[in-house]
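Next come two complexes built around chain A: one with chain B, the other with chain C.
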Partner chain A sequence: MSIRAGALRGVFGAPVSRYDQASAMWLLAPMLGVLLVVAVFPVLYSFWISLFDLRLTRPHRVPFVWFENYQEIFQDELFWQSVWRTTSFTLICVAAIMVIALAMALLLNEEFRGRRFLSAMLLVPWAIPYVANGLMWKWIYDSGYGALNGLLFQLDFIDKYMVWLGDQHKTLWLIANAFIWKEVPLATILVLVGLKSIPADLYSAARVDGANTWRRFVHITLPALRPSFMLVVIYETMMAIRHFDLFFILTEGGPAEASHVLAWHVYVETFRKLSFGTGSALAYIMALVTFFLAFWLIRTLGRKL
Partner chain B sequence: MFFSSIIFLVYVLAPVAWLLSSSFQGEAEITSRPPHWIPHQPTLENFEAIFQAREKKVTYETRRAGDPATGGYIPSTARNLIPSMWNSLVVAVAVVILNLVVGVPAAYAMAKIRFIGRSTSIYFMLTTRVIPDIALVVPFFLFIRTFGLLDHLGSLVITYLAITVPFSIFILVSYFESLPDELDKAARVDGCSRLQTLTRVYVPLAMPALVAVVLFTFLSSWNEFLLALMFTQTPASQTMPIVVASFASDFTISFAFINAAGVLAVIPPVLMAIIFERYIVSGLTAGAVKG
Partner chain C sequence: MTQFRRRDFLKSSAAAALAGSSTFGALGRAFAADPVNFFAWSAGVDQVKAHVSAFEAKTGIKVSYGNAPWAQYRDTLVTKFVGKAPLDTLWVSDAWLPEWAEAGWLAPIDGYPQLTKYNSDVDDFSTKSMMWKGKQYGLTYYTDYMAFFYDEGMLQKAGIGAPPKTWDEVVQQSLKIKKAGLSEYPLMLSMARETWLIEFLSSLVFSHGGRFVDDAGAAVMQDKKKGAHEALTWIVNAVQKHKIVSPACVEIGELNGLKSFTSGQHAFAMLGRYRVRTLNDPKQSSIAGRVKQAMMPAGPNGKHATVGWNRFYGLTTAAAKDKAKAADTVKLIEWFGGKADGQYAFQKLMFLDVGSGFATKPLFKDPDIIKAYNQYSDIKMYEAQQKLAQKKDVVSPWFGEWDEVNGTAFQAAVIGKASVEDALKRSADTWNKLRRRA
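On to the complex of A and B.
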C-alpha cells in the first residue's frame, strides 16, 4: 500500500492524518508493550506449557504430551465436582447480590437525612482487603467463641454452640455469605446509577394514570434497570467463578473437599502437587470458560433482560 | 425509612464493628461465652505487640512473663507485619505511577485521536480485562523464576500491571470522551503537539478521573493476594495480605492478635475509600458502565 502524506484512510473511509496516526501509535506504545508482556504473552505461554508434562518435582524431564493434560483433567472426578461447586457458589452469590443490591439501591435513591452517611459507609466492605474480610468471617464463624454462635445463642435460636465452617453442608453457603457481603457495595452503586437515570416524569405520568407503587416498580423501575442488572450479573459472575482468597483463608478447600472449587483446584494442582502442566491446562480451561461465558452473557442478557 | 437505614447500617457495619471490638479484648476476654460485644476491659496489648514485635524476641521466659509483645499467643512472625505493610505501600505506589505513565497517553489516544487500529486497540484491552488472574499465575511464575525475580517486589509490580492497567484505561477513556473535542482542536490550532495538548489541556481537566485511577490502582495492589502468595517467599518481599493470611491459618495464634492485625490491614484502604468517596463512585460507574 502506498501512503501519500495525509492520505491514510480509516476504516470508514474518512481520511486520517499521518501525524495523528504517528502520534497515536507513540501514545499507545507503552500500553501495548505492557499488555503484550503481562497479558498476551502469559496467556499464549500458558497454553504452550499446558501441552507439556511439566512437574517441578521432576524438573529435568519435561515431555511434550499434546493434549494429555486436558484428557487427564476431564477424567478426574474431583474436577467435575469442583466445576459443580463453583457453579452453585456462583449462582448463590450472584442471585443474592442482585436482591440485596437492589434493596440497598432503592433505599439510597430516596431523599432522607443521613443518606450521605449511608452511602459513605457502604464503601467500607468494598475497601476491605479480601484477606481481612476472610479472617473477619473466620472469627465470626468460629465454633468456639465466634459472634455467630454467640448471637444465635443469646437470641435463643440455638441451645448449644454449633460447628459452622467445619460442617460440609454449610461451608459453601457461609463462604458465599462472606463473598456477598464484600461484593454488594459495588453492585449497589451500579444499580443506583441505573435508578438515577430514570426520568422522574415517567413516575408522575404513571401516578396520573393510577398505577400504584408496586405497579410503578414492576413496569417502570425494573425494566429501566435492565442494563445495570446485566452489568452486575456479568461482573459478579466473573468475580465469583475465579474467586480464590476466601477459600484459602476460610477452609483451604475443606472440610473433606466441601469447598474444593475450581480456583482452589488450580491452586492445588499447581502449587501443592507442583504439576505445572495440568495446572496450566486447568487455568486455561477456566480462562476460556470465563471468556465465552462473558461473551454469551453479554449477548443473551443484552437481548432478554 | 429510619428502620431500613438501621438494617442497612447493621448489615454493612456489624461484622467490622465486631472485628474492631474484639481487637481491643485481651486473651481472657475474647474467649468468653457468650462473647462480650463491647470489651469490658479494653486493652491495647494486641496492637502494642505488633508495634513492639520488631525489637523483642519471643523466648520461653518472655512468654511466661506475659509480656504483650512476646507473651501470650503472639506468633514470632508478628514482627513481619509492619515491614510487610511497607512492602505493600512500595508496590502500590510503583503500580500507581506506572499505571498513570502507561494509561493516560493510551486513553487519550483512544478517546480523542482518529487513527487506524483504534477500535482494535479498544477490543484488545477489553479482552485483556476478562483474563482471570489465576490463569496468569503459572506463566508468570516460570517467567519470573527465569529472570531471578522470585521473592522480589519487582515481580509483584510487573504482574499487578496486568490486573490494573485495563481498568485504569477504561476509567480514563470514558472520562476523556466526555470532554469536548473542541478543546483538542483549539489547542492544536494554537500550535500544541499531541503530547502538549494532553499534558496542558486534558490532564488538568481530568483530575477527578485521575484521582479515581490512583485510588483503584492503589487499593487493588494493596489488597491483592493470589499473585503475592505465589511470588513471595520470605519477609523481604511479603506484602501485608500474605502476612495477615499466615496468621489466620495458624491455629495456635490468638484471635485477639489476628483481629488487631486485621484492623491495621483494614484502616488504610477504608480511610482512603471514605475520604475519596465521590471519586470512587464516579470512577466505578464510568469504568464499569463502559466495560
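On to the complex of A and C.
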C-alpha cells in the first residue's frame, strides 16, 4: 500500500510537505534527544570534570582547579614518554599494515587455485575479538612455554628460550606485531576493493604503450588506490593511537613502562588511581589530538585525490 | 459461567491476607525487614552462601549477599560507595583500609566488644592490619603470608642436605643446582606488574630487616642502611649477575609462577603460603609430594621475616549510623569472623574446603585442621613463619598511586633500565610527594 504525502498530517495537524523541515525536526527529535543524553552530555560533562581535582577515593574534597590538571599532565615526563611511544607504535603499525595489506590485496587480485580459500582464511584474524587475540599472543610470546620459543628452538634458531615481552627493547614491536596481525585483513579488503575498481582498459592501454609490470603498478595501480590508502591510513591511525586491549592483556604497560602508551596512561590515571579529573583531562587531550590528526590527514590526503 | 464480582474479589483477597499473615508469621521478620547487605569478592561463594543460610535460619535476619571478581572488586566497591548503594558489611583488603576509612566509608568496630573480644585469639600482625589511626575496622576473614618453598627432590639430587637459611645460601645452592644442570633458573620470582608484586617485594625487604617507610610514615626505602636497598640489590644480582632468576620474571605473574614451579623447572619459589595445597596435589603439580616450606631466608641483618596480608569484614558507616541495622550487621560479622555456635566455623570451613589461611591462633590446635594440613605440608612450619609475618608498612591512603610507581621502579632496576639507587630514589620521591599532597 502506498501512502500519498498529501494524506499525512504533521504533528500539529497540518499537512506534511515532502520538504517540511519543521516536521522532520520533530520526527528526529527523539533520536536527537537520545544523542544529547548519551553522547553530547557525557562529552561536555567529562570536560567539566577535567577542571576538578576529582578522586573517587576522596569524595569530600573536590576542588575546582581550572586547567591545573592539564598543566600537570604537560609537565609530566611520563606523559611525554607515552606520547612518544604511542607515536612510534602508530607509525610502525600503520606503515606495516599498509605494506602487508597492499601485498595481500595484489595477491588476492590475481586468479590462482585456492584464492577463494585464502580470501576466507584472511578474515579469521579480523573475526577474532581483541581480548581473545591478546590472550592468544600472550601464549605465543610466553617466555616459559610460548609457541614462539618452541618453534624457534625446534628449528634450531635459538639454543635456549628467549625473553620476549619481558624485554624492554622488544615489547613494543611484539605488541605492534599482534596489532598488525589483527588489522591487516580489514585493510586488505579495503585495498582489494580499490584494486577491483580499476578499469582493465587502463592496463590494456598501458601494455599497448609498452609499459612493463613495474611501470603499470607505479603509474596506474598506486594512484588509483589513493582513496583506499587514505581510508586505511586514517582508520588504522585512529585505531593504533587509541589502542588499549593488547597493552592491557600482554604487558600492563611494562616492563618498567616500556609499553606505557597514551591509552594505558589514561587507564592508569582513571581506573587504577581513580583520579577522574586527570583521567578526563588526559582523555580530552587524546581526543583532541586524534581529531586534529584525522582532520589533517583528510585534508592532506584528500587534496591529492 | 459464574461471574467473579468485585465484592467477591475483595473478600477473598482479605481472607488470603489474613491466612498469609498467620501461616507465614514466623518468616515475617525475615522477609519484611531490611536485609543486611553483604558484599564480597567471588571466593568460596558456595561456602559463604551456606554460612549465610545458617545465619538466617538461626537469627531470622535476612542477608542480601552479592559478589564481584577480585580483579574488579576495588573499583566496584568504590563506585558503590560513591553511588551510595546499600552496603552494610563487606570484605576489605588491608591495602584499601586507609583509603576507605579516610573517605568515610568504613566505621571503626571498637565500640562493639562482641567483636573486639576476638582480638586476643588473633595473630598480632593480622589485628594491626585492620587498624588505621589507632582504630580497628574489622574482624579477620582470611590471613596469609608470603612463603618460601623448595623442591626437596631437586635439592637432594644436587647433594644439598638442608634448605637455605639466608639469601646468600639461596645464591650458593642455586649456583650448585644450575651447575648440576638441574635447573636453568633455580629460583622462581614473580615480578610482573600486578597486585601481588608488592607482597613479593615486601617479603624480600622485610627478610632483609628492611622497611619501606619508618614509624612516622616517611620514606626510608632509598636509605642504603634500611634494607630495601639491600633487597633490591640482591634481586638485581640474582637476575643479572648470578642468573639464578629468569630475566623473564618481570612478565611472570603469580599464577604463571605457580605453574612454572609445579612443572618442575625450579628448585625454590616464593609464593603465597596457601599455594602449598596445589603444589603438593598430584593432579595439579608434577612435583607433588616433594614441595616443602622453609622459613623465609634472611638477609645479613634480617630475621626470617615475611609479609602477611589480611582480608577482613568491614562495617560500613551507613550501617553504623542506624542502630538496628548496625546490631544485625555486627551479628553477621561475628557469625563469619568470630565464633558461630561456639567455634570459628567459617574460618575452619574455608581452610578445609579451599585452603584459605587464618590468623586465629586456636585453629592451629584444631585436630581437623592439623590432620588436613599435615597431609600436604607441616602445620608447625605454617605457624612458626606466621609468627614472623609483618603487615605491609606502605599501606596508606595513597598506597595505590605509589604502588604503580614503585612496581615500575623495581622492574626498571631488575631489567637494568635504572640503577638500584635511582629506582629507590624515584620510589621514595613519589612516596614523599603523595604524602605531602595528602
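Just so it is clear, the second predicted complex is superposed on the first by the 275 of 305 C-alpha atoms of A that agree within 3 Å, B and C clash if a C-alpha of one lies under 4 Å from a C-alpha of the other, contacts with A are read in each partner's own complex, and residues count from 1 in each chain.
Everything below uses one rule, namely that a residue touches a chain if its C-beta (ideal position, glycine included) is under 8 Å from a C-beta of that chain, and two chains touch if they have at least 3 such contacts.
This structure is a prediction, so every number in the text was calculated from the model and none was measured.
Asks: Applying the document's definition of touch, where does A:I92 land relative to chain B and chain C: first, second, both, or neither?
Replies: Neither partner.
Asks: Between chain B (first) and chain C (second), which does A:A101 come into contact with in this model arrangement: first, second, both, or neither?
Replies: A:A101 contacts neither chain B nor chain C.
Asks: Output check: A:K273 vs chain B and chain C. Expected answer is one of first, second, both, neither. What do you get?
Replies: second
Asks: Chain A residues in contact: does chain B have more, or chain C?
Replies: On the superposition, B touches more of the residues of chain A.
Asks: So, A:G144: does it touch chain B (first), chain C (second), both, or neither?
Replies: It touches chain B and chain C both.
Asks: What is the contact status of A:E257 with respect to chain B (first) and chain C (second): first, second, both, or neither?
Replies: A:E257: touches chain C, not chain B.
Asks: Please work out whether A:P59 is in contact with chain B alone, chain C alone, both, or neither, and reply first, second, both or neither.
Replies: A:P59: touches chain C, not chain B.
Asks: Touch check for A:F153: first (chain B), second (chain C), both, or neither?
Replies: first
Asks: Under the stated touch criterion, which partner chain does A:M230 make contact with: chain B (first), chain C (second), both, or neither?
Replies: neither
Asks: Quick one: classify A:A39 as touching chain B (first), chain C (second), both or neither.
Replies: First partner only.
Asks: Quick check on the output: what are the common chain A residues between the chain B footprint and the chain C footprint?
Replies: On chain A, the overlap between the chain B and chain C contacts is residues 142, 144, 252, 271.
Asks: Using the touch rule from the top, collect the residues of chain B that touch chain A in their complex.
Replies: 1, 4-5, 8-9, 11-13, 15-16, 18-19, 22, 30-35, 98, 101-103, 105-106, 108-110, 113-119, 121, 124-125, 127-128, 130-143, 158-159, 161-162, 165-166, 169, 193-195, 198, 219, 222-223, 225-226, 229-230, 240-241, 244-245, 247-249, 255, 258-259, 262, 265-266, 269-270, 272-274, 277, 280-281, 284-285, 288-289, 291
Asks: Can you tell me which positions in chain A touch chain C when the two form their complex?
Replies: Counting only chain A, the residues touching chain C are 56-60, 142-144, 160, 163-168, 251-258, 268, 271-275.
Asks: Give the list of chain C residues in touch with chain A in this complex.
Replies: 75, 78-79, 81-82, 99-100, 102-104, 184, 192-194, 246-252, 256, 260, 265, 397, 400-401, 404, 408-409, 411-412, 414-415, 417-418
Asks: What residues on chain A touch chain B, complex-wise?
Replies: Touch list, chain A to chain B: 8-11, 14, 16, 19-21, 23-28, 30-32, 34-35, 37-43, 45-46, 49, 100, 104, 107, 110, 112, 114, 118-132, 134-140, 142, 144-147, 150, 153-154, 161, 181, 185-186, 189-190, 193, 231, 235, 238, 241-242, 244-245, 248-249, 252, 263, 266-267, 270-271, 276, 279-280, 283-284, 286-287, 290-291, 294.
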